[in-house]
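Both complexes shown next keep chain A, but they swap its partner, so chain B is in the first and chain C is in the second.
What follows is the complex of A and B.
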């Protein structure tokens, strides 16, 4: 059985124009030690999906479906039970290391917090463990930095602190939401390498969320491409990137700037803009921006078709065997 | 830290010096001759000249200013024209009423507004929030002298729980002194509470949306634990700012409150002094008010640094 299995997850958010589905029937599974990348534009529902796993959706949001962690449906748990899961069995790293740490507390205290909460560690034992964690995530001179405030650290160092914090209780699953987006390119690689290394060493499952195909491609075994709140294509990273099937995935890939392209060539873009959640087409959410769209795309929600043994996509205009 | 303190002390001196010049000049150009007020408009010129000589008003303005400031450095504020006693003595007596009143009002306002503001923020857009906001709107709209009169009618006239005004002096017993200050303190706290409640509420709401609060929740902290551990301290900074500014309102507000409750405080002192053209008292009390406001802002600056380590580094 998979460690985490998400079935038909739907999340509705409260907007000024009523409830809007930000996540529509998303399903995926993560094995113990497995790595999954979720890729898509901003607003495609990837971060909301992650927050739904932790039960940290914004006020007024509703989640339906199943999120099974070791056979327990997290969506049915009450707040107390979720507090035992958060930071303990599922930990999360956020995009902005600048704003994700509390500016008025020393980093040592912030890293020790989950240890105190979930492991009952205090005082010298907690401090020792924090030092070990800081050392593990490669923060130089932990003994001096442990009493630093976040503003005294660089962006990359703060992200290392975030990782140490997420790692502190040896979670089963690490959710990394755009962990390198706010960092310099040189630091990005270091942080990704660190995450990969820790995931491998600790046998954690990893869900890496990014809009950056390069980041995803280098780090994970399986990939899910999200658009308009739904997964439009998923599969093993190798076969998915070798043969992008869904028109949206192709557009996303074509939009990545590549060196060597002559200056005269314009960067490929996907026509149209990311639609508002409330304005999404009713059936295939990509229909209004898709060059291949026909009547059926507006009438019928496409189901996942297998186009390869480990590669599936949801598009009416692709062959493959319906599951 | 010592450099910081030295710089702040220097700026304190400069501010108070500036205030003293402005106060002195204003009182010079304002109409109203103390000698005339004391003797009446029908007094003979010779008598008025004699009084002016006695009060030292015949000397040039600059000499009188230097005399005043030099006296201040020796802890002397001169003699009241009306009471014929040292102004320091007058102010010293009156502060025994005004200081407990002002501090009490700030303490009550702080405690109530922090509780109400946090309560409103944690019940955002629910009935409790609307209730607190309605109360605060009312508190802003009601003039404090009128609220004071309402309190007197209810607690003194109808219920006979508390005295309607006056102050027996601390010699008559601590409890009797406190009893006569309860209504004034709450009257003065009303407006402050209304403002600080709003600031606390919006500040807590804003901080609660910060990324680091989400981080705290993702670590497994409950809503309440995240509020106490990660929201409140950050939310305090704007509250401190407003609280510091409101001290000026409190200090000047004693003027009204002490009149409504017939309290022999500094506010009443300056009110009477202005009516009697007792300029020696007026200028010293106004300067004292200015100094209090500057000192409080200095304390607020230190509190900032205690609350937020980022401010510590820059200073």
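What follows is the complex of A and C.
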């Protein structure tokens, strides 16, 4: 049985125009030690999916479906039970290391927090463990940095601190929501390498969320492409990137700027903009921006079709064996 | 300023920490003036506990309405009491009233504000509407209501001010706390498994403490003014306890005969309120890193 299995997860958010589905029937599974990348544009529901796993949705949001962690449905747990899961069995790294640390506390204290909360560690023992963690995530001179305030560290160093914090209780699953977006390119590589290395060493499952195809391609085994709150294509990273099937995935990939492209050539873009959650097309959510769209795309929700042994996509125009 | 803002890599002291703060405070002229004025008031009160030039309550009819002289620096009032001694002892009243009224309001108001921000929903609605209701009654009215129930006295004045301050603090703290709850580090703390209570005291409160301190100094100033006003109306401190407000109200009848006796308590009120307001403004500047950087 998979460590984490998400079945038909639907999340509705409260907007000024009523409830809107930000995540529509998302399903995926993560094995112990497995790595999954979720890729998509801003507003496609990838961060909301991550927050839903931890029960951290904004006020007024409703989640339906199942999120099974070792057989327990997280969606049915109360706040107290979720507090035992968060930071302990599932930990999260956020996009903005600049704002994810509390400016008034020293970093040592912040990293020790999950240890105190979930392991009951205090005082010298906790400090020793924090030093070990800081050393593990490659923060230079941990003995001195442990008493630093967040503003005294650089962005990359702060993200290392966030990773140390997420790592502190040896979680089963690490959720990384755009962990490198706010960092310099050179630092991005280091942080991704660090995450991959830690995932491998500790046997954690990793869910890496990003809009950056390069980041996803380098780091994970399995990829899910999300658009309009639904997964439109998923599969093993190798076979998916070798043969992008869904028109949205192709558009997303074509829009990545490549060095060497001569000046004056315009970047490829996907026509139109991501629609408001309340205005999404009724059936295939990509129908209004898709060049291949026909009547059926507006009438019937596409189901996942297997097009390769380990590669599936949801598009009416891509046949294959229907499951 | 530049060398403070570009912090040294050594993590020993933060710019928000003691040494950086002291350094900036010493250069903040208005804050220092406020500190001196308030310090003088506190000094007056402290000295008056052990020594005053004359007894502040001793009536010497032969010495009534004297102009300032070597034996009576500020002169004497209509009963021949030494005005300097009364001002010094009056500072005690002002500080006690201000301190208790602010503490009362701050403890209750901060708790309610934090609670409202953490819970949101109907808890917040109930707390804030009750607070609005409380704010609809001016301090003077609350004091008069309490006086009607339990008779005039300094305790009722303190209580009235304290009750009014609850709403002031609750509103301020709720607003600031809600802004903190939206911050990413609170989300990160929740993702680490912290509950609402420990986030409130571990993450929200430490980040809004400056708002509370600034509000406290300003409320302190308002309390001194309000105590004077209440005493002036006769619902505050009662004779013979010295009070700046009552000195002012009693001097009214002699304003043409000896205008100087109205000047002293008036000056004491103005300078102490000014001092506290300058401290409040100064603190606002000093604890706000964005403003500090512009300076």
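Keep in mind that, in the parts below, the second predicted complex is superposed on the first by the 323 of 323 C-alpha atoms of A that agree within 3 Å, B and C clash if a C-alpha of one lies under 4 Å from a C-alpha of the other, contacts with A are read in each partner's own complex, and residues count from 1 in each chain.
Operating definition for what follows: contacts are C-beta pairs under 8 Å (C-beta built on N, C-alpha and C of every residue); 3 or more make two chains touch, one makes a residue touch a chain.
On a predicted model such as this, the values are computed, not experimentally measured, just so you know.
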Task: Side-by-side fit of chain B and chain C on chain A, or clash - done: clash
Open item on the list: Between chain B and chain C, whom does A:144 touch in the aligned arrangement: first, second, both, or neither?
Closed with: second
Open item on the list: After the superposition on A, what does A:103 contact: first (chain B), second (chain C), both or neither?
Closed with: both
Open item on the list: For A:201 in the superposed arrangement: first (chain B), second (chain C), both or neither?
Closed with: neither
Open item on the list: Once chain A of both complexes is superposed, is A:78 in touch with chain B (first), chain C (second), both, or neither?
Closed with: neither
Open item on the list: Quick check on my understanding: which residues of chain A belong to both its chain B contact set and its chain C contact set?
Closed with: 54, 56, 79-80, 83-88, 91-92, 94, 96, 99-105, 113-114, 117-118, 149, 151-152, 162, 165
Task: Residue numbers on chain A that touch chain B, as the complex places them - done: 54, 56, 79-80, 83-88, 91-92, 94, 96, 99-105, 113-114, 117-118, 149, 151-152, 162, 165
Open item on the list: Per the contact definition, I'd like the list of chain A residues that touch chain C in the complex.
Closed with: 54, 56, 59, 79-80, 83-88, 91-92, 94, 96, 99-106, 113-114, 117-118, 144-145, 147-149, 151-152, 162, 165-166
Open item on the list: Touching residues of chain C toward chain A in the complex: what are they?
Closed with: 7, 9-12, 14, 16, 120-121, 183-185, 187-195, 198, 202-203, 206-207
Task: Footprint of chain A on chain B - complex, ascending - done: 210-212, 214-223, 229-230, 233-234, 307-310, 313
